[in-house]
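Two complexes follow with chain A in common, the first pairing it with chain B and the second with chain C.
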Partner chain A sequence: MIASDVRQGLRSGMLLAIVVVFLFLIGATTTIADIFANALKQDRGVSLQAVLGLLALWAGSQAAKVSLDEKRPSWPRTLLRAGVAGLSSGLVIGLTLLLTLRLHEQGINLRTYLYQLSPASLDLWSLGRSPIAAALFHVLLPLVGCLVGAVLARGFRDAPWRGPASRRMSAVREAITRPLANAARTRWGRILLYAALGTLLLLLPLRLNNYWNFTLGTVGIYVLMGLGLNVVVGLAGLLDLGYVVFFAVGSYTIGLLTAPTPHNLMWDFWIVLPIAVLLAAIIGVLLGVPVLRLRGDYLAIVTLGFGEIIRVLLKAEALASFSNGPRGIPSIAQPTLVGLPFGSDRDFMYMIILSVMLVIFLTNRLQNSRVGRAWIAIREDETVARAMGINTLTSKLLAFGIGAAFAGLGGVLFASRSQFTGPDDFNLMVSINVLAVVIVGGMGSIPGVIAGAFVLKGLPEVLRELDAYRILSFGALLVAMMVLRPEGLIPSTRRRLEMQEARAAESPPATPVAPVGRGGAA
Partner chain B sequence: MPESALPARTRKRITPYQIAQVVIGLGFLAFVAWRLYEVLVVERTYGPDTWLKFAISGLIIGSVYALITIGYTLVYAILRMINFAHSEVFMVGAFAGFFVFEALKSLPVGTGEHAFIEVYPIPSIILGFVAGIATSMVTGVALERIAYRPLRGAPRLVPLISAVGASIFLQNAAQLMFGPQRRTFVNLPALDRNLGWTLTVGEKPVLITYTGVFTFILAIVLLISLYLIVQRTRLGRAMRAVSENKQTAALMGIDVDGVISRTFAISGVLAGAAGVMWGIHYGQIHAYVGFIPGIKAFTAAVLGGIGNIPGAMLGSMTLGLIESLGPGGLGMDFQLKDVIAFSILVLVLIFRPSGILGEVLSEEKL
Partner chain C sequence: MSGLLNIRQLTKHFGGLLAVDRLDLVIPEKSIVSVIGPNGAGKTTLFNCITGFYDIDSGEMEFAGELLNGLTPDAVVRLGIARTYQNIRSFPNMSAVENVLVGMHSHLHTGALSAALHLPGAVREESEALGKALSLLEYVGLKGKADTLARNMPYGEQRRLEIARALASQPRLILLDEPTAGMNPRETSETTSLVKRLRDDLGITVLLIEHDMRVVMGISERVTVLDYGVKISEGTPQEVQHDRRVVEAYLGRGAAAGLESPATA
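Moving on, here comes the complex of A and B:
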């Protein structure tokens, strides 16, 4: 009994220690503390301790959690677990801190090796005291935090707001979508809804300043690309890690055909737009041919390679006479409308909104068409799909081509809006960003992708301080989503059911399930 | 099904895909032949000494790739999944070795006039390797525990995305912790990067560096021991059983999760050793150092036949040679060597997806 308590305590404690030491090493705690300090008008040191305290509370509540084979633990056992968790994590954190602060005191510049341990951030951690005192404080803080967290967690175990996260999420979702869905059921309601949405989208760019139009425009372009990748990854189940290729094709097509350098063709924007989209689709099909016969894993790594190759090729001096090499293409044409320039950030916002609406319409229709059902069948089980008479190669190529076309459109808009394009716009991170948008939003779900783009591209704009940690958190988010909620924030109904089915098949309830707080497991 | 039982009409049709295959294949061969003719017969750009240099560097990089490739292949054989984050396991090992060497360089011994690394060169190298190997091993095992194990039995896309996420996470964590700049590995007193044996080929010197020879030999030793582990030990037998069929293996009393964990540990060991070797031989590391070798190693795994250990070694050496001889042989810019290596992957996937040594895999395995 006691051994299992100690083990559970140790587990939570080590988790806390790893999280805190990791955040310390990547410098995130101080950044978070800065944000707290700004928001709450508090001292930075106090904010840091508050952040650490919150983490400790969470670890404490984890330690107090019931494991499968037992009933609710008694108070002494809860406290034992929390104590073990707090003490173990405190010791690790304290020792790490003691070591770094001692080294710092001896005049070794830690930044040569550990980039984020600047003297300023170390001072923040040392609280202006001696290393020993600071280390002791950081041993005590997790201990107290864990104890309080465990007490709170046990005390409020049956509180009404505690329930499986998914249930709370879906309750919120229900509350928002139910009235809308009801309204959309009648014809007039639908017309009214669309009219309201249309007016909103028409008026919104007028009310926004250039900065917001630009930012939301970027989000819009990511919605566009997300919806495109959604066809490939979400519907057809093909993991494409080189999606940036098609974005690059769109950008470079418009760049090469409309810019004065390197070819001085100076075509009109509106002529190039369909050419670029078509070209992206064709390239998508061509790249797809060699790899789409194989299953997902190969495709992932080959597309990843394509994404890198295109950057290397565009950057290569050997091809500079064609693509202008590393210098990129400046002064790309912007569209005109009835002879008037139509190139401000606001005008582009309108174009992006229009494109997004078009793409939403298209994907929505595709999804429910014969092709869409074929894609879903392939995603579920390719062999069975083929046995059902689906031409899997053609269907997959179609998905690839359509996804590529959307990315090409995004590329055209992106390049034309900033009037410049260069090889460095097309690194792996673009593909990963778009992938994260699709995954976090919900594979195969159009509202999910839109929400994903707003969360992943919009939120970082608001939280500028956290910019350095954006890609890091994207990586963590991809893993966390896969482990905790593979169907995404706003899943499509079918996808959710699939994932639940897979889970159920994976873990048959062999062990007796512990009684759940209330209402049973249903 | 016996041939005669089929109606005559189902005789194989020629699909457009096969036509495309032939066209691409012939085009590629024609291109290679033309370039080789230009370079070798017409222009004669390089003398035999340069070719020898290329070949040597190809064997060295090939042996480093081989260590990474094995990691992909082992995991693929057992989980049917590409461990995308494997290149980061390699990177972590390189960094661990770097830090240990730096520490030993500034650690005074005895009277304090000499550093540890100067007084005990061989133990220093061993310590560096031990640190790199241990770190990579722990990273690999932790990776499996956190990012892959909860996803057993999920649709195939799910662990793949999780792996991509883990890879991005580790790259960026390393960059945040260790800074964006490139790090120069200590030039070890016992294994100076710039020294070596000199051969004379056609009256021109060809330097074979000690680090290169060391890397090559160590890699071969590790690969042979790995092969023996897989073929001769109890663990190896369990690994092969799990890769054949997990359920049956479990019924035979094999701890499947344990075997998978150990597989990740073994691939971590090899990747860690490769990381430290990379640092010692090439001298520079950074947070994204694993990316290109990772893709290359995967290419090598496919080239040799994924899931096949001798194939992985063969594929790695072949790829190393192709990418070091290729740009010279085809008379192309050396910047484009990654493009060449990568075209190989695409060609292999078009013509022989099972690789050089791979058996014809069933659909499920592909």
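Moving on, here comes the complex of A and C:
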């Protein structure tokens, strides 16, 4: 019994210790403390202690956790678990700190090994005291934090007001969502909701400054590409790691046809826009023909290769007379509207909003049609899908082409907005980012993809202070998502068809449909 | 004699293993024929050959005047042969009614463009298809389950869903691979009467693989027994039941010698 308590305590304690020591060694705590200090108007030392205290509370609540198959432990055992967690993590943290501070005192430059471990960061941790005192403090802080955290967690679990409170919460949620859902079910309610949403989207860019219009525009372009890749990966189940190809086709088509260099064609934006989208779709189908006979991992590897090939080709000096090589294409045309320039970040925001709405409209209809069902059937079981009479090759090519067209549209808007495009806009990270948007959002789910784009592309902009740790937090987010919500932020649900049919039957003009074959219902 | 499906000298190897060996089989129109045999006798291989999942090595398969040799699975479905699977293969993340709608795929015509634009033809076709799919679900006894995801349905219901999905392609011949496997007695008798109704109400010819001898003896007009890919017996259920070679195949030579009437399981 006691052994298992100690084990659980140690597990939580080591988790806390690893997190804290890691954040300390890479210097991230300084940044985090800064953010808290700004937000709470406290000094940095207090902020750091608050952050560490919160982490310790969390570890304590983890230590006090009761798994489903065990009886609720007695209070002393809960405290034992929390104590072990706090003490073990405190010792690791304290010893690490003691060691680092001693090395620092002896004049060893720690930044040779750990670039972010600045003297300022060490000062922050030592609280202006001697190394021993600082280490002792950092042993005590997790210990107290864990104990308090465990007591709070257990108290919260046993609290008599908890059941009624959560019932009240869900009642409140119901009161808000129920009328909306009901309204969405009637025709006029839907029109009204759409009108409200449309007005909101129309007014939004006017209220935003250029910075926000640009940032949200980028998010919007990722929504576009995410929705396109969602058709390929989420619906048809084809893992495409070279999605950037079609983004590049869109960008370079607008670039080559409208810019003064290298070809000096100077076509009009509005003429090139449909050409670029169509071209991207055609390239999608052409690339699909050889690769779509492959399944699963093999498909992923081959598309990954295509994604790199396009970047290398665009960069090649040998092709510079055609594509301008590594220098890229400057002065790409921007659209005009009735003779007036229409190229500010706000104008592009409008175009992006319109494009996103168009794409949502299209994918929503497609995924609930015969075509979309064929895609999902291929994703679920390709062999059986074939046996149901689905021509899997043309279905997949269609998915590839449509996905590519959406990326092409994104590419046109992207290149024209920044009036420049070059090979470096099209590295592997673009494909990976779009894929992450789809997976984090929820495969096959339109609202999920939108949420995913905001989280992965919007949040990093908001959290600019974390800039140095952007990739780190990105990775942490992905891991956390896979553990906590593997089906995505907003998982896809299948449309309910039975209800819809029942409503259709209620309206007078609907005629009863005879069953297949000559027999009726039994 | 010529039936709806005529198989002559069908042979299929897997490397050195002879899975089906010069098999002749005639399935008369509107009959219920069972194929039985010990595990590994080649029954499912036979189904996979007929439906175009496997390329056959030699022989001839002819269905309603058309040669099936070399056809892909989607082409076989369009000719009017549908099947279910031994291990359940419904589309798990689609609702029941969507599973059936996928089964109708080859009889619907809506393309990407008309679906995206909601052209009147597409809307009408979709609502008619939905009505048919719901009545098919009702027919197999899944009324009210239309919006349930297939993976959330109990085993017996998933098997009936597969039958509904197969019916959705409007087949003349349906191949059922162990439709009652893993069912309790009540579900088994429900499924048995469903199979009977397929033929009696809808006029669909049924070819059945089945291990439950009560089902086989109860509904089939003719039974074919396979062992190691070879047809060892054929006839009415009574004839097959008393065939020495069948008992040998199931229970071994010694048991056959010692038994007056063969076991029924």
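By our rule, the second predicted complex is superposed on the first by the 470 of 522 C-alpha atoms of A that agree within 3 Å, B and C clash if a C-alpha of one lies under 4 Å from a C-alpha of the other, contacts with A are read in each partner's own complex, and residues count from 1 in each chain.
Basically, a residue touches a chain if its C-beta (ideal position, glycine included) is under 8 Å from a C-beta of that chain, and two chains touch if they have at least 3 such contacts.
From a predicted model like this one, the values you see are computed outputs, not experimental measurements.
Participant: Given the touch rule stated above, what does A:Pro486 touch, chain B (first), chain C (second), both, or neither?
Facilitator: first
Participant: After lining up the shared chain so the two structures overlap, which partner does A:Gly389 touch, if you call chain B first and chain C second: first, second, both or neither?
Facilitator: Touch status of A:Gly389: second partner only.
Participant: Identify the partner contact of A:Ile471: answer first if only chain B is touched, second if only chain C is, both if each is, neither if none is.
Facilitator: In the superposition, A:Ile471 touches chain B alone.
Participant: Where does A:Arg494 make contact in the superposed view: on chain B (first), on chain C (second), on both, or on neither?
Facilitator: The answer is second: A:Arg494 touches chain C but not chain B.
Participant: May I ask you to decide whether A:Val371 touches chain B, chain C, both, or neither, giving the answer as first, second, both or neither?
Facilitator: The second partner, chain C, only.
Participant: After superposing on the shared chain, does chain C or chain B touch more chain A residues?
Facilitator: Per-residue touch count on chain A favours B.
Participant: Mind working out whether A:Leu313 is in touch with chain B, chain C, both or neither, as first, second, both or neither?
Facilitator: In the superposed model, A:Leu313 contacts chain B only, not chain C.
Participant: Going by the contact rule set out at the top, does A:Leu435 touch chain B (first), chain C (second), both, or neither?
Facilitator: first
Participant: First (chain B), second (chain C), both or neither: which does A:Ile301 touch?
Facilitator: First partner only.
Participant: Can you list the residues of chain A that meet both chain B and chain C?
Facilitator: In chain A, positions 383, 498-499 sit in both the chain B and chain C interfaces.
Participant: Where on chain A is chain C touching in the complex?
Facilitator: 362, 365-366, 369-374, 376-377, 380-381, 383-391, 398, 402, 494, 496-501, 504, 512-519, 521-522
Participant: How about chain C: which of its residues touch chain A in the complex?
Facilitator: On the chain C side, the touching residues are 51, 53, 72-74, 76-78, 83, 85, 89, 91-95, 97-98, 101-103, 105-106, 108, 110-112, 115-116, 118, 122, 126-132, 134-136, 138-139, 141, 144, 146-147, 149, 165, 167-170, 197, 201-204.
Participant: Touching chain A in the complex: which residues of chain B?
Facilitator: Contact set of chain B toward chain A: 17, 20, 76, 80-82, 84, 99, 102, 146-147, 150-162, 164-173, 176-180, 291-292, 295, 298-299, 302, 332-333, 335-336, 338-339, 342, 345-346, 349-350, 353, 363, 366.
Participant: In their complex, what parts of chain A are in touch with chain B?
Facilitator: So the residues of chain A in touch with chain B come to 22, 25-28, 111, 113-116, 233, 237, 239, 241, 289-291, 293-298, 300-302, 304-306, 308-309, 312-313, 316-318, 382-383, 393, 428, 432, 435, 439, 443, 468-469, 471-472, 474-483, 486, 498-499, 502-503, 505-507.
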